[in-house]
Amino acid sequence: MIIIMDAEATPFQIDNVIAEAESNGWQTHLSQGSGDTVIGLQGNGQPLDLFKVGQMPGVRETMAITQQFKLVSRTFSPKNTTIKVRDVVVGSDKLVVMAGPCSVESREQLLETAHAVKQAGATMLRGGAYKPRSSPYSFQGLGEAGLKLLAEAREMTGLPIVTEVMSPTKVALVAVYADVLQIGARNMQNYDLLNAVGQAQKPVLLKRGMSATLEDLLMAAEYILQHGNTQVMLCERGVRTFDTKYTRNTFDVNAIPLLKDLSHLPVIADPSHGIGIRRHVPPIAMSSVAAGADGLIIETHPNPDKAISDGPQSLTLPQFAELMSQIRRMASAVGRSC
Amino acid sequence: MIIIMDAEATPFQIDNVIAEAESNGWQTHLSQGSGDTVIGLQGNGQPLDLFKVGQMPGVRETMAITQQFKLVSRTFSPKNTTIKVRDVVVGSDKLVVMAGPCSVESREQLLETAHAVKQAGATMLRGGAYKPRSSPYSFQGLGEAGLKLLAEAREMTGLPIVTEVMSPTKVALVAVYADVLQIGARNMQNYDLLNAVGQAQKPVLLKRGMSATLEDLLMAAEYILQHGNTQVMLCERGVRTFDTKYTRNTFDVNAIPLLKDLSHLPVIADPSHGIGIRRHVPPIAMSSVAAGADGLIIETHPNPDKAISDGPQSLTLPQFAELMSQIRRMASAVGRSC
Amino acid sequence: MIIIMDAEATPFQIDNVIAEAESNGWQTHLSQGSGDTVIGLQGNGQPLDLFKVGQMPGVRETMAITQQFKLVSRTFSPKNTTIKVRDVVVGSDKLVVMAGPCSVESREQLLETAHAVKQAGATMLRGGAYKPRSSPYSFQGLGEAGLKLLAEAREMTGLPIVTEVMSPTKVALVAVYADVLQIGARNMQNYDLLNAVGQAQKPVLLKRGMSATLEDLLMAAEYILQHGNTQVMLCERGVRTFDTKYTRNTFDVNAIPLLKDLSHLPVIADPSHGIGIRRHVPPIAMSSVAAGADGLIIETHPNPDKAISDGPQSLTLPQFAELMSQIRRMASAVGRSC
Amino acid sequence: MIIIMDAEATPFQIDNVIAEAESNGWQTHLSQGSGDTVIGLQGNGQPLDLFKVGQMPGVRETMAITQQFKLVSRTFSPKNTTIKVRDVVVGSDKLVVMAGPCSVESREQLLETAHAVKQAGATMLRGGAYKPRSSPYSFQGLGEAGLKLLAEAREMTGLPIVTEVMSPTKVALVAVYADVLQIGARNMQNYDLLNAVGQAQKPVLLKRGMSATLEDLLMAAEYILQHGNTQVMLCERGVRTFDTKYTRNTFDVNAIPLLKDLSHLPVIADPSHGIGIRRHVPPIAMSSVAAGADGLIIETHPNPDKAISDGPQSLTLPQFAELMSQIRRMASAVGRSC
């Protein structure tokens, strides 16, 4: 059960409600941030007198929630959440398209990409400065130097920046440069990291883990929202199945309508990782928009064959421009714009 | 390796080529039917003198094929295969939509559905007379009575009929009534059945097994094509993954562009089984068309809550009509018609 | 719900119980064979007056069963089922070991194997005469000639024979030669075949499908038992997962204690397919016995590198003999013999 | 490729070898710690003159390694690695058994468990002070207070302590108390954490991720070893598959012989998570030993029904004692002791 407080509720009123719950044997969890102030009840207390609680000063609403996830659920918040990232609004009728290289490799590579994707119509710039790699011997990213290049690219193009953060100790640093903090698939259940980006009160792009159920993904988002940070985008990027001969992952297009149904948070599709083969990225991008995604994140590179990471799934810059014109047609077929 | 013969090659010429191959230690496999005449070489023979073989009377071409599947591959047949089912052409720019109930339950149920889907724009009628059920205690279908009702519905609406055949002993009977023989997911590797529908020289809708890789599916189709029956539609209907809480299967949208790339056969999407929840069938149908499917097969029922099987994923008749108008918009966004 | 009749119940008494159930709106299903006579109720009838039904002549017991599977469940039959195959008893404290080649290839190959595995302590001979192969171009088995060789090997060694049947039309023929009819993983949900082996009233070795849940496997067995044939052995042979780099399948050792818990039927482990690599077959065989399997089925070949099928997972004859001595030690560690 | 230096190689000799490699265009990676000094070559340099490099002062051996993982592979280190944890040796003929509660809940609970498992023959004590939980509303562990209780239990029983660390920022603190640092399944690819425990030079128990391939697991271990910390135990704890109705995970018993084959590191089995049902933990424990595991980690609790976490899979203390006597029998059947 959760208790939602009025926006104007005073600390004293909040404390009173908490005291009432705890005197009935409940543990309480207070979520306060950019969104609503919510008191969550946990444990095995006595049922509260809902009439009495509902009359307490400052209480707006009480709500029984039986799903494991609470703050992320449509039950809790029936309206779509929109997230403002500089001038871009995520979760509206206008699709967002995040494009850029897997890794920031050099100033030239990044700026050339940034200008090209901006011109083609992308609304954000993606690029990795810290790279989680299966092998310790692979390129691990440029680090802060990469963040600085991203900031420079933003200055030149106006595109907000999405970039990954891999460790709670780096959240503060990455948040200085980034507009959206990306949590990678491998870190979806790195709870200290989720808590850290929750506290950072910045927009977060949360990628689904390789074999995470939708419930797992929503619970991971719940970790962020319970710090009062509701600016979370859920990202489908393909799951691991038995079939790996012709495709890197299995893009779970079902997740798009299901997540939109279960949660009020925006859903972003990542067709690049979802299928992992350059020439098949466009049909998966198209199918994501058709299924109701609020946006796309797409790997692009001036010279994919020389890319340090994810070359085989990166579009060339002309391919990206061509895809953007297809996406605009698709957006209009489903009553959206781009 | 395969040797492709001229259309006018005589039996004598064919025998000569076979003799040449066998004298070099190869087993041969002759595929003759509605398509090309193809001699496949199997086993561990001596390399043939390709120049000599190429000069033999009646030989059009020799072809080394390293993939496991041969006749179904794009390498073998670069152009898209189209399949004619009465007046309907599968595999062209015009999408096909097969609609109807999971099971044929009664004359009223079937005819009402057939008229409604016809009016909404469906191009074929689906309906099960023989039903493979996990439980021996579940309804197993009306059998031949169901086939007769399907034929009656065809007569009244002009819609060709798609219906499942479960056993090699029933192929001849079902082929009397059906226009397209459906092989269900559970029977995708029932090789005697594949051979039987191969020999029947009728169009086949081959559903992907629950955990079949794309290669498994293509090899199953190869069983049919090696009887000279090239009229095979590949059907993606969702695969089994770890996530079953909110969805019946995981619809593998990646399979659509991948199958179109690997094979010349048309690809049909089954969003009803693919997601298994009525209100989410339309977005998955839309995403299938966006990804390049040549057609859809969709369960519809006049009263899904009373359906004997698959009620939860069946559209009502008005929902189907509404979906058809969306699909038409989507088809045009990807340069096709419907 | 099911109604179990006394062994001495007359046809008239059985008919009376059926009439009572049907007059209350139930469909009934009669299972009569080598085991109990059981009347299963299906559909949506009125609740029966259990006191009245329990008093009807010939009724031994009524039982509410909420699991999907009934006749195969421990609830229905709490004691372990044992199956007599000539002199061998499957499901007792003494482990059974079925050994032999994947495919019957020649008289020499089979007889050499049969003598060797007999001497090493195997209790049955396995060998495929009809082979389900992913590729239509692969060796499909010797057919009836292979069955005859198996019968000859039985005559010389006294070992009962396990061999696969792939089609309902072949059940009668295979049953002439075989002591145990094997249903392969690809055919686990080939319902016409399940019905045919159910009717054959012969022992059946039912292999779990590649991605069949335990419930799917038990439902498939239910198809056989409902024909009154309770002589079914359940066979774990590995499932399909995401990890295929170093192993052919993922052997699901959990299935062994779970199946023994859910069902009264004997459980056989197939470590050869379960891991698919010769040198790792012994540890998986050992672990199966440790987990409670009632027997093993193991591929062995006089010259695995020349085997037509499954060579990489077949033990040589000396390796098999060595494994048998380890299995004897293992059997005694878990209070069984071999 | 890697270059292994003599134990007595001087820094100057090492620098010379590095300079030689880098002048040929390679990046180098130096791994120095409790094990060998190894220079790894990465990137796309010119092939080295192996004869010349082999003659350089201080060089013991050069080795081409084509697998992705190097330091963890049997190719690199053919002999089994043993790890000393106080008086316990992991990886020898004597099995290790780590037992204790999922979460440290209270002094009484922990000490009662510690005494009981010690008496039953366990060789280490496990217990979680920091708990990664799917829900932010679940109990997150006692934190440092829990670590102190573990240390107290060690003092009273002499059992070394295994406990999880979830964040790089906590490694130093946990390392003060723990003898073995556990990395949980969710953090298997938390690279900052892997680097931190690598640098800590303490024994590590690395759990396989829920859908990690064996290669993924070995690459994660490689992250630790490249800091010169070879004291890593690999832990199989079940993977995620399509079958979740009767079991929490699918215990991948194949992983045990495969990991022993691919790597020199000890392999520990976790049957508690592997099957997730108390009464089925013993057969899976037995099967793990039969398959060649070097040890077991087993959840035990004085009162599992009141456990805060993982109650359904925790053994009672008498059940654990009974299991220990079975394991001793099993160990002797496979030529080991316990």
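General observations
Every chain is named by a letter (A, B, C and D) in the order it is written, and numbering of its residues begins at 1.
Definition applied: contacts are C-beta pairs under 8 Å (C-beta built on N, C-alpha and C of every residue); 3 or more make two chains touch, one makes a residue touch a chain.
Everything numeric here is computed off the predicted structure, so don't read it as measured data.
The fewest steps needed to get from chain B to chain D, moving only between touching chains, is 1. Common neighbours of chain C and chain D (chains touching each): A, B.
With chains reduced to the mean position of their C-alpha atoms, the one farthest from chain D is B. In this structure, the chain pairs B-C and A-B differ in their number of contacting C-beta pairs, and the larger number is found at A-B. Separating the centre of chain A from that of chain C, both taken as means of CA atoms, is a distance of 49 Å. In this assembly, the C-alpha centroid of chain B lies 32 Å from the C-alpha centroid of chain C.
One simple way to say how far apart two chains are is to compare their mean CA positions; for chain A and chain B this gives 38 Å. In chain A, the residues that touch at least two other chains are 211, 240-242.
Residue ranges of chain C in contact with chain D, taken from their complex: 211, 213-215, 238-239, 241-243, 245-247, 250-254, 256-258, 261-262, 274-275, 279-280, 283-284, 286-292, 329-330, 332-334.
The touching residues of chain C, when paired with chain A in their complex, are 211, 240-242, 244. On the side of chain A, the complex with chain D involves touching residues 29, 40, 42, 68-70, 132-138, 166-169, 186-187, 189-193, 210-211, 216, 219, 222-223, 226, 240.
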